[in-house]
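In the two assemblies presented below, subunit A is common to both, partnered first by subunit B and then by subunit C.
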Partner chain A sequence: MKIAAILILTLIFLASLAPVSYDQQSRESISSPPSKQFPLGTDDVGRDRLSRLLYGTRISLLLAPCAALVTLLIAATIGITAGFTGGWWETLSMRVTDLFLSLPWLFLFLIIRALLPLNTTPILSLILTFLLMGFLGWAPAARVIRSAVQQFRAADFVLQARACGCPEHRIWIHWLAPRLRGILITQFFLSIPIFILGEASLGILGLGVSEPMPSWGNLLRELTTAPPLTQYWIFAPVALLILVMTSFQLLLPSRE
Partner chain B sequence: MTLRLLREAFILLLTLAIGGFLGCLLLRYGPGFDTDERDLDQRYSSATLQALHKARAGEQNVGTFYLNYLKNAAQGDLGVSTSLNQPEGQLIAARAPATIRLISLGLLAGWIPGLLLGFAAAIKPRSPIPLFSELLSGFFLCFPAAVLALMLFLAGGPASIVIAAAIFPRVYRYSRTFLGDSLARPHVLAAAARGIPRSAILLRYVLPPAIAPLSALLGVSITLAFTATIPVEVICDIPGLGQLAWKAALARDLPLLAAMTLIVTGVTLTANTTAGMTK
Partner chain C sequence: MAFISRVQPAIRVHLCSSVAILLLLLLIPAQAQTELRFTLTGDPKSFNPLLADDDNETTVLYLTAGQLIRINRLTQTPEPDLADSWKISPDRKSITFHLRPNVTFSDGTPFTADDVAYTLRTVTDPKLNSPHGDTFPPATKSQINSPNSITVIFPTPQTGVEANFDQLPILSAKSPLKEKAVLGPFALSQYNPGVDLLLKRNPHYWKKDSTGHQLPYLESVRLYIQQNNEIRYARFRRKEIQLINNLDPANFKRLTQESPAEAIDSGPSLDVEFLWFNQVPTAPIPDYKRAWFQSRNFRLAISEAINRADLCRIVYQGYATPALGPFSPANAFWFNRALPPQTFDPAAAIKLLESEGFHLQNNELHDKSGHLVEFSVITNAGSKNREGMAILIQQDLKKLGIRLNIVTLEFKSLLERLTKTSDYEAALLGLVNVDLDPNGQMNVWPSSSPQHAWNPNQKSPATPWEAEIDRLMQVQASAPDLAKRKAAFDRVQQIVRDQVPYIYLVNRNKLSAVSASLKGVHPAKLFPETFWNIDQISFK
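After this line comes the complex of A and B, so read on.
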C-alpha cells in the first residue's frame, strides 16, 4: 500500500524531469522509434512521447482528485441534507439521484458535453472535462452518505444525547461529523480512479482534453489509428494507466 | 403486492417525467434552439417568416414545449434529427437491435463466469480459485472499456468481451461476498453440523436468499453495460445506439440526444425497478 502511494506521488512529480516540453516539435524526427534522445519515440508531429506521457500523467493524477473533491462537496451537501431533513426534500433529491444513477455515466457526459463548445482552448477543455466529471459523478456517493446519515441519526448514542438535552449542533459536531469523516474520505478515494478512467474513455472518443495538452485520454487516442503491434512503445500509456489503476486498487481496501 | 406495484410504477413514471423535463430544458436552452435556416433563405417573404416565427413562439415556454413533446412522443413522433435529417424514432429503431445483441451477449459473458467463480471462491476459499478470480477482476477494473475495446479491435476479438469485462468484476465480487457471508451464518453452520449434505445446504439455505440481491445487481449491470457500449460501438464501428449517441454529441444534435435520454432512462429505470421488485 505504501509502495502504491509512493508510486502515485512519484509519477506526479516526475513531469518536472521531462526531457522537453510536451508541445515541442522536432521536424527531423517524425514518428521515430525509441532512441537515446527520445526514449519512447516521437508521435506523428514530432513530439517526444515520454515528455507527453509524463505531463499527461501529472495532469490526470492532479485533476482527478480535484474532480473527486467537487463530487464529494455536492454529494455531501445533498446526502447530508436529505438524510438529516427527510420529507419532501429527501424524496425529491433521491428521485433526482435515481435519475442520475439510471443514466449511463458516459452517456450523461456526452449529452452535457454536446451543450458546450467543442473547439475550446486546451486549458479550458481540461478544466471543463474534469469539472463536468465532478459535477456529474455525485449520485452514488450522495446515496451512500444519505444512508449513513440516516443510520447515525437513528443510532442509540444520538437518541441518548438528544434525551439528555444535548443541542443538535453539538450532536453534529461531536458525534456525527467524526463518524461521517471516514465515509467521506472513502468516497473521495473511490471517485479518483473512476475519473481517471472516465477521462481516458472520453479522450479516446475525442470529447476530452484538446490537443496539444497531453492527458491519458488523448495519448491513448493515438491507438485508434491501429498501429502495428510491433511498435510496442506506443502502448506505454496503457501500461502506465494499468500501473496507476492497480495502485489505486491497492490503496482503496485500506481506506474502505 | 398490487399497491407496491402501483407505487413502484408511479415512482418510475415520476422519475421518467423529471428526466424528460430535464431533456426538454436541455433542448430549449441548448445552443441553436431558436435558429431556423429558413430565416436566411431569401425566397421566403417577410410575411412567411413572421408566420414561421409565430408558429415557433409556442415553443418558447418550456412547459408548453414539454407537453407538446410528450404528446408527440406518445404518438411515436420523437422529432427529427438535425444532423442526420431523419425521424429519430426510425434512427433509434434501426440501431437498437445491434446494441441489444451486444448488451445481451456481454451480460451473459460477464454474469456466467462471474457467478460461477464467485460461488467457487465462496465455497473453496483456500483453493487457487479466489486468487485467480481476484486478479482477473482487478485487472478488468483497471482497464477502461475504451482501451479494452481498442485492444480487442487490434487483436480482432469479439466486442461483447468488453461489456463482459465491465460486468464480471462486480458480479464476481458481489456474489463471492454475499455467498461467503451466507455460508458463515449460524443456521448454515448448524445445518452443516447436523450432517446435511453441502449441495442441499446450498440449494435450500444459501442460494434462495441470494436471488433478490443478485437480481438487483442485474438491473445495475444493464446501466453499466450501456456505458461500455458507447466506446465499444465507436471503436469497433458497430452501428448501435452508443455510436448514435456519440455522433449526436459530436454534431450537437440535441433533439436526438434528448430522445435517446428519454428512451435510455426509461429502459434502465424499468430494469432497475423490475429487479428491485424481487426483494
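After this line comes the complex of A and C, so read on.
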C-alpha cells in the first residue's frame, strides 16, 4: 500500500524532470523510435513522448482526485440528507439519483461539452473536463452513502443514545460521522480511477482534453491506429495506466 | 493403424468421415472467384436512387443505376451511356438525346424516352427534395420526340449540362418494381442492416466488351458495412476485401511497405482542406474579433504563417500537396495555372499584422486596442488528419504570438454551429469535390448562398470583391463560350487567392488499395476512384 502511494506521488512530481516541454515539436523527428534525445521516441507531430507522458500522468493524477472530491461533496450532501431525513426529500433525491444512474453519462457529457464556450484555453478545457465528470458522476456514491446513513440511523447504538437523551448533533458528531468517514474515503478512492478511465475514454474519442495539453486519453488515442507490437514504446501509456489503476486498488482495502 | 484400432468406434467413424470430407474438398477443382468485396462506411439511408446523397448511397447508386451520359473518370470527358448521342441547341436552352435501342431494365421492362421524362418529372418535384434535382433549374421540361429520342428544355441557357446527366439515375416509368428496376451493371439482391449488401449481376445490362462478351464480368459485389479504417485495412490485408477507396496516409504507407504492388497513389485529388474565419455580422463573437476576421491583411498574415509543406510532410506523410485554391491541379481544365505557389513567410506575416496595428507585448500579439490575439478553431472529432493540421498550425501561429485553441466537436454539433447558430470563430474542414465544373460550386461562391461559409445568406454583397465574384459566377454559368467561362472562373480563383476568405491548406492525394488478384482496375481521382469502371473489373 505504501509503495502504491509512493509510486503515485512520484509520478506526480516526475513531470518536473521532463526533458522538454510537452508541446515542443521537433518537426524533423516525426514518429521516431527511442533515442538518447527522445527516450520514448516522438509522436506523429514530433513531440517527445516521455515528456508528454509525464505531464499527462501528472495532470490525470492531480485532476482526477479533484473531480472525485466534487463528486464526493455532492454525493455526501444528497446521500446524508436523504438517509437521515427520509420522507419526501429522500424519495425525491433518490429518484433524481436513479435518473442520473440511468442516463448514458458519456452522451450527456458530450451534450454539455458541446454547449460550453469554445474559446477555452487547453488548461481550462482540462479543468472543465474533469469538473464535468465530477458533477455528473455523483449518483452511485450518493446511493451507497444514503444506504449507510439509513442503516446507522436505525442501529441499536443510535437508538440507545437517543433513549439516553443524547441530542441529535452529538449523535452525529460522536457516533455517525466516524462511521461514515470510512465509507466516504472509500467512495473517494473508488471514484479516482473511474474518472481517470473516463477521461481516457473521452480522449480516445477525440473529445477530451484540448491539444496540445497531454492527458492519458489523447496519449492512448495513438493506439487506435493499431501500431505494430515491435513499437513497444508506444504502449508505455497503457503500462502506466495499468500500474496506476492497480495502485489505486491497492490503496483501497486499507482505507476501508 | 495401431492408434486407430485403439480409439473408440464412434470416434473412429468421426475421424474417418472428417478425413474423407477433407480429401473431397481437396479434390474439388477450385472455383474462380467472381464476387468482389469492399466496404461502405455505414448503412445507406435510402435505396431510392433519386435520394442518394452521402458516399454510401452514392456507391450503391453508381453500381446499380444507369444514366444517359457518363463522365469518364480518367479522361474527365463525357461519354455516351444510355444515350448513344446528344445535341445541345445553339441557344443552350435544350439538349436532345438519342437513346440506345433494345435496352431493358433489370426486370426486363423496356427502356424508352418515357422513362427519361418520368425521371426528370420526379427528380424536379420539390416534394421529393432530391439532391439530384438541385442541378436542374425549376421549370425544366421534357418533350418526347419518339420512343428513342427526348429533348430536355431549360428555362434559361445552360452550361456544362452534360455533367448533370452523369448523376441522374434513370428510373422506370412502367416497371412494377419501381426504383428497384435498374439499368446499371448490378441490382440489389440482399441487405442485412449493419452487416452487408449483396448486389447481383444485372442479366439485362446493355453493355458488352469489344469481343462481344456480356458485361459485367463479376457475378456479384458484396459491400460490408465497416466504419473503422483500421479494421478495413486489416480485412484488406487478410484478403477479405479487395478494394479500399481513400486509404488514410498512415495505412497507405504501411501498405507500400507490406505489399507495394497493391498500394496505388493517383496523385493530388480534387479534395481540398481549408480554414476560414467567421465574418457573419450577427455572429455571437466580440466585435474586435470580427474586425480581425474581416481584415484581409489579418487573414493573409495567418495564411503566410502556415507551413503547408510541413502539413503535407508530417500530417499526410508526403501524400498531399499545398493547396492553391478551390480547385486542385487534378481538375485539368478549370484549375487556374496562373496562381502563384503558396508562400510560407512568417516575417511577411508579421509585417502585414503590424500594418493593421497589431503588436507584440511579452511575446504575445495584441491588436491596436490592446486585445490579446486569441481565437478558437473548430473541427470534427475523430479526424486524425484535421487534428494533426490544427496542432501544427497552432504551433506556427504561436511563433507570431497568436494563441489558437483547438476544439474538436462531434460532427452534428459542429454543423449546428456552422450552419445555424454561427457560434464559432474559425473552422477547419475539407471539401470533397465531386464535380469538375464550377457550376457545381454555385452554392458556395455567390454571396446570397447559404453555403457561402464565411458570411452566408447576404442580402447584398458585403464587400466589392464578393460583388465581383457574384458577377463572375453568373458569367461563368451563362457564357456561351467555354473560354469566356474559363476566364471568369480563373478570375474568381485569383480573387479568392488575393482576399483569402478561405485559407486553403492541402490537396490530399488519392490513395487506394487494390488487390493484386484483380484486373481492369484503373484508379481515378474522381469518385468512385477504384471502381468507376466496375463493369470491366474481373479477377485474374
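What we mean here is this: the second predicted complex is superposed on the first by the 247 of 256 C-alpha atoms of A that agree within 3 Å, B and C clash if a C-alpha of one lies under 4 Å from a C-alpha of the other, contacts with A are read in each partner's own complex, and residues count from 1 in each chain.
The criterion applied here is as follows: a contact is a pair of C-beta atoms (placed from the backbone, for glycine too) under 8 Å apart; a residue touches a chain by one contact, two chains touch by 3 or more.
Just so you know, these numbers come straight off a predicted model, no measurement behind them.
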Taking the superposition on A as described, I'd like to know which of subunit B and subunit C A:Ile8 touches: first, second, both or neither.
neither
Thinking of the overlay built on chain A, is A:Ser210 touched by subunit B (first), by subunit C (second), by both, or by neither?
second
Decide which partner touches more residues of subunit A, taking subunit B and subunit C as the two options.
B
Going by the contact rule set out at the top, does A:Ile242 touch subunit B (first), subunit C (second), both, or neither?
first
Of the partners subunit B and subunit C, which touch A:Leu69 in the superposed model: first, second, both, neither?
neither
Have a look at where A:Pro122 lands relative to subunit B and subunit C in the superposition and call it first, second, both or neither.
second
Touched partner set for A:Asp23, first subunit B, second subunit C, both or neither:
second
Kindly classify A:Asp44 by the partners it touches after superposition: subunit B alone (first), subunit C alone (second), both, or neither?
second
I'd like to check the shared interface: which positions of subunit A are touched by both subunit B and subunit C across the two complexes?
110, 114, 118, 205-207, 224, 226
With touch defined as at the start, can you tell me which subunit B residues reach subunit A in the complex?
11, 14-15, 18-19, 22, 26, 30-31, 138-139, 141-147, 150-151, 153-154, 223-224, 226-227, 230-231, 234-235, 242, 245-246, 248-250, 252-254, 257, 260-261, 264-265, 268-269, 272
In their complex, what parts of subunit A are in touch with subunit B?
95-96, 98-99, 101-107, 110-111, 113-115, 118, 197-198, 200-201, 204-207, 220, 223-224, 226, 229, 238, 241-242, 245-246, 249
Could you please specify the touching residues of subunit C with respect to subunit A in the complex?
230, 234, 250, 310, 313-315, 374-376, 378, 381-384, 387-388, 390-392, 394-395, 403, 405-410, 413, 423-425
Show me the residue ranges of subunit A that touch subunit C in the complex, using the header's touch definition.
23, 25, 27, 30, 44-46, 110, 114, 118-122, 125, 205-207, 210-212, 224-226
